[in-house]
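The structures come next, written out as structure tokens.
Common to both upcoming complexes is subunit A, partnered first by subunit B, then by subunit C.
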Partner chain A sequence: MADEALFQFLHNEVIQYIYKSAEHGEMENGRCISKLENMGFRVGHGLIERFTKDTVRFKDELDVMKFICKDFWTSVFKKQIDNLRTNHQGIYVLQDNKFRLLTQLSAGKQYLEHAPKYLAFTCGLVRGGLSNLGVKSIVTAEVSVMPACKFQVMIQKI
Partner chain B sequence: MSRQSNRTTDSKKMNSELFTLTYGALVTQLCKDYENDEEVNKQLDKMGYNIGVRLIEDFLARSSVGRCQDFRETADVIAKVAFKMYLGITPSVTNWSPAGDEFSLILESNPLVDFVELPDNHSSLVYSNLLCGVLRGALEMVQMAVDVKFAQDSLRGDNVTEIRMKFIKRIEENLPAGDE
Partner chain C sequence: MADEALFQFLHNEVIQYIYKSAEHGEMENGRCISKLENMGFRVGHGLIERFTKDTVRFKDELDVMKFICKDFWTSVFKKQIDNLRTNHQGIYVLQDNKFRLLTQLSAGKQYLEHAPKYLAFTCGLVRGGLSNLGVKSIVTAEVSVMPACKFQVMIQKI
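Then we have the complex of A and B:
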């Protein structure tokens, strides 16, 4: 099933829509990114419930992050996170060398300024997934050379 | 990673859930942005159209379907190949008009509406209207102008979901009408 393609088309259309309606209402870029991130949050929140219905309880935070990097990423993006780094103090960096939502955009530095738009939804997706697993976080993304990108997860201790 | 092996069928379902949930988030956002359901319906159709004009290329690249000889063949390809490929369902093609230019796609289940209930204040919302736009856009790229609309919607109380497609004319020019 070519779900991935369908989701990518929908994702791109959503981004176009959010930015087009921003033009009319004269919203800044930040508001659009927040809107996209919030949509991702809702989706991630619901999705993770479905994914973890039958999985065993997570031992600790690192276990949760490993789940995100392996099972969650594979189910959503058909591949795993390539590299996970942590400082063991609540900061995790997830590196994806060939991020599916950026591969169609460019293979280098062209359109770099547009890349954040395509990462906002996924940041929300991760944040939403984590939140429903009981982990409060802030997720940001950075990209220097497409299609590689890094997602930074900062765990918030309540 | 031994869990992975019995998850392969699950992961296909989960991907469609990603799409379903994202679509739901989109419709919610549209309802927030626009005051009335008609506007939301129009937006969904427009967005669907934009997706459709691109999706057709993806479809033609993935499937080895050649040019359709007539509208009946088109209907079969849409129901048996395209819907199966992208949404994992195979609607049935029925209710052909005597002139052979209009038919219905009957969807027993609609993956877009898993987990969805329409609240009372949105009774004229055509939730899955994106599909109409997609079909319209995709067919326009293969030189067919069609009119697509929902005749029945399981979300609004009908037993099945029925999409009515009407052939309008063959498009002669090669240039698309342009994104809206």
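Then we have the complex of A and C:
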């Protein structure tokens, strides 16, 4: 629990810091989100290297996605993804019914508009992790009822 | 190990981000350090609240410092402080012979000048933790041989 809190608190500070420095300049919301996403990308890129140090080679793309949903998610968020769906054409939807970085926000609708900034880092985390495994993707997130959320991964065929 | 890496990677990103945004503006090194220190303060302030949730009341200042060196340090850095010294007049020196946030830097002397930015967050962490326990302090750090470092805590009597 301690570790979890450390990451969460630091994550919150980063969000606050980026949004605060945006107030002084004229950085718009989109740029803050993309800064958070980029941070996540680099962290995910580095993390996956450690996590896969001793794993066997992945069979295919689905195998990679399962690794993200199980091992990667558990390491970072202390639980697995609750539901993984795919259209078998390069789109994957990862659903987390109790996403750790949203549980600290009140579940009411009034904070729904703040959800995106709490998801941007994680979108980057997934994209960075996948990228280091050779899978290029675009990752977006959506929330309808907190603290549940869905991450959509669109694989970019090269 | 996974958790450790997550915090470390994010910590590195934060340092890089703050120093990078300083390049664009004219923020000097001192302000970057103080931003990191402030982030650490708020994180430490929050963390200690969780860590002490079920502990008994502290006897005195030394008791508080011991808690920081043992429980707090172990939760955050996976090891205890190696040596705690005090002059019994409000100055404490906490020595960590293998400080986790420095182990990733090469041990050579050529990176010694970069050490302060890797210590600022932790100085704040200690100051924030102490502050929430009612102990006002100034915390500084010094490195002579990496990855060992010393944190000096000067208690501010009120």
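Simple rule for what comes next: the second predicted complex is superposed on the first by the 156 of 158 C-alpha atoms of A that agree within 3 Å, B and C clash if a C-alpha of one lies under 4 Å from a C-alpha of the other, contacts with A are read in each partner's own complex, and residues count from 1 in each chain.
Please note the rule applied: a residue touches a chain if its C-beta (ideal position, glycine included) is under 8 Å from a C-beta of that chain, and two chains touch if they have at least 3 such contacts.
Note that this is a predicted model, so its numbers are computed, not measured.
Applying the stated contact rule after C-alpha superposition, one finds that A:Glu142 touches neither subunit B nor subunit C. For subunit A, the partner with contacts to more residues, out of subunit B and subunit C, is B. Applying the stated contact rule after C-alpha superposition, one finds that A:Thr55 touches subunit B and leaves subunit C untouched. In the superposition on chain A, contact of A:Phe9 is made with both subunit B and subunit C.
In the superposition on chain A, A:Lys70 makes contact with subunit B only, not with subunit C.
Across the two superposed structures, the residue set of subunit A contacted by subunit B and also by subunit C is 1-7, 9-11, 13-14, 17-18, 21, 35, 39, 42-43, 46-47, 50-51, 75-76.
If you check the complex, the residues on subunit B that touch subunit A are 1, 3-4, 7, 11-12, 14-19, 21-26, 28-29, 33, 43, 47, 50-51, 54-55, 58, 62, 85-88, 115, 130.
Within the complex formed with subunit A, the subunit C residues making contact are 1-7, 9-11, 13-14, 17-18, 21, 35, 39, 42-43, 46-47, 50-51, 75-76. Against subunit B, in their complex, subunit A makes its touches with residues 1-7, 9-11, 13-14, 16-18, 21, 35, 39-40, 42-43, 46-47, 50-51, 55, 70-71, 74-76, 121.
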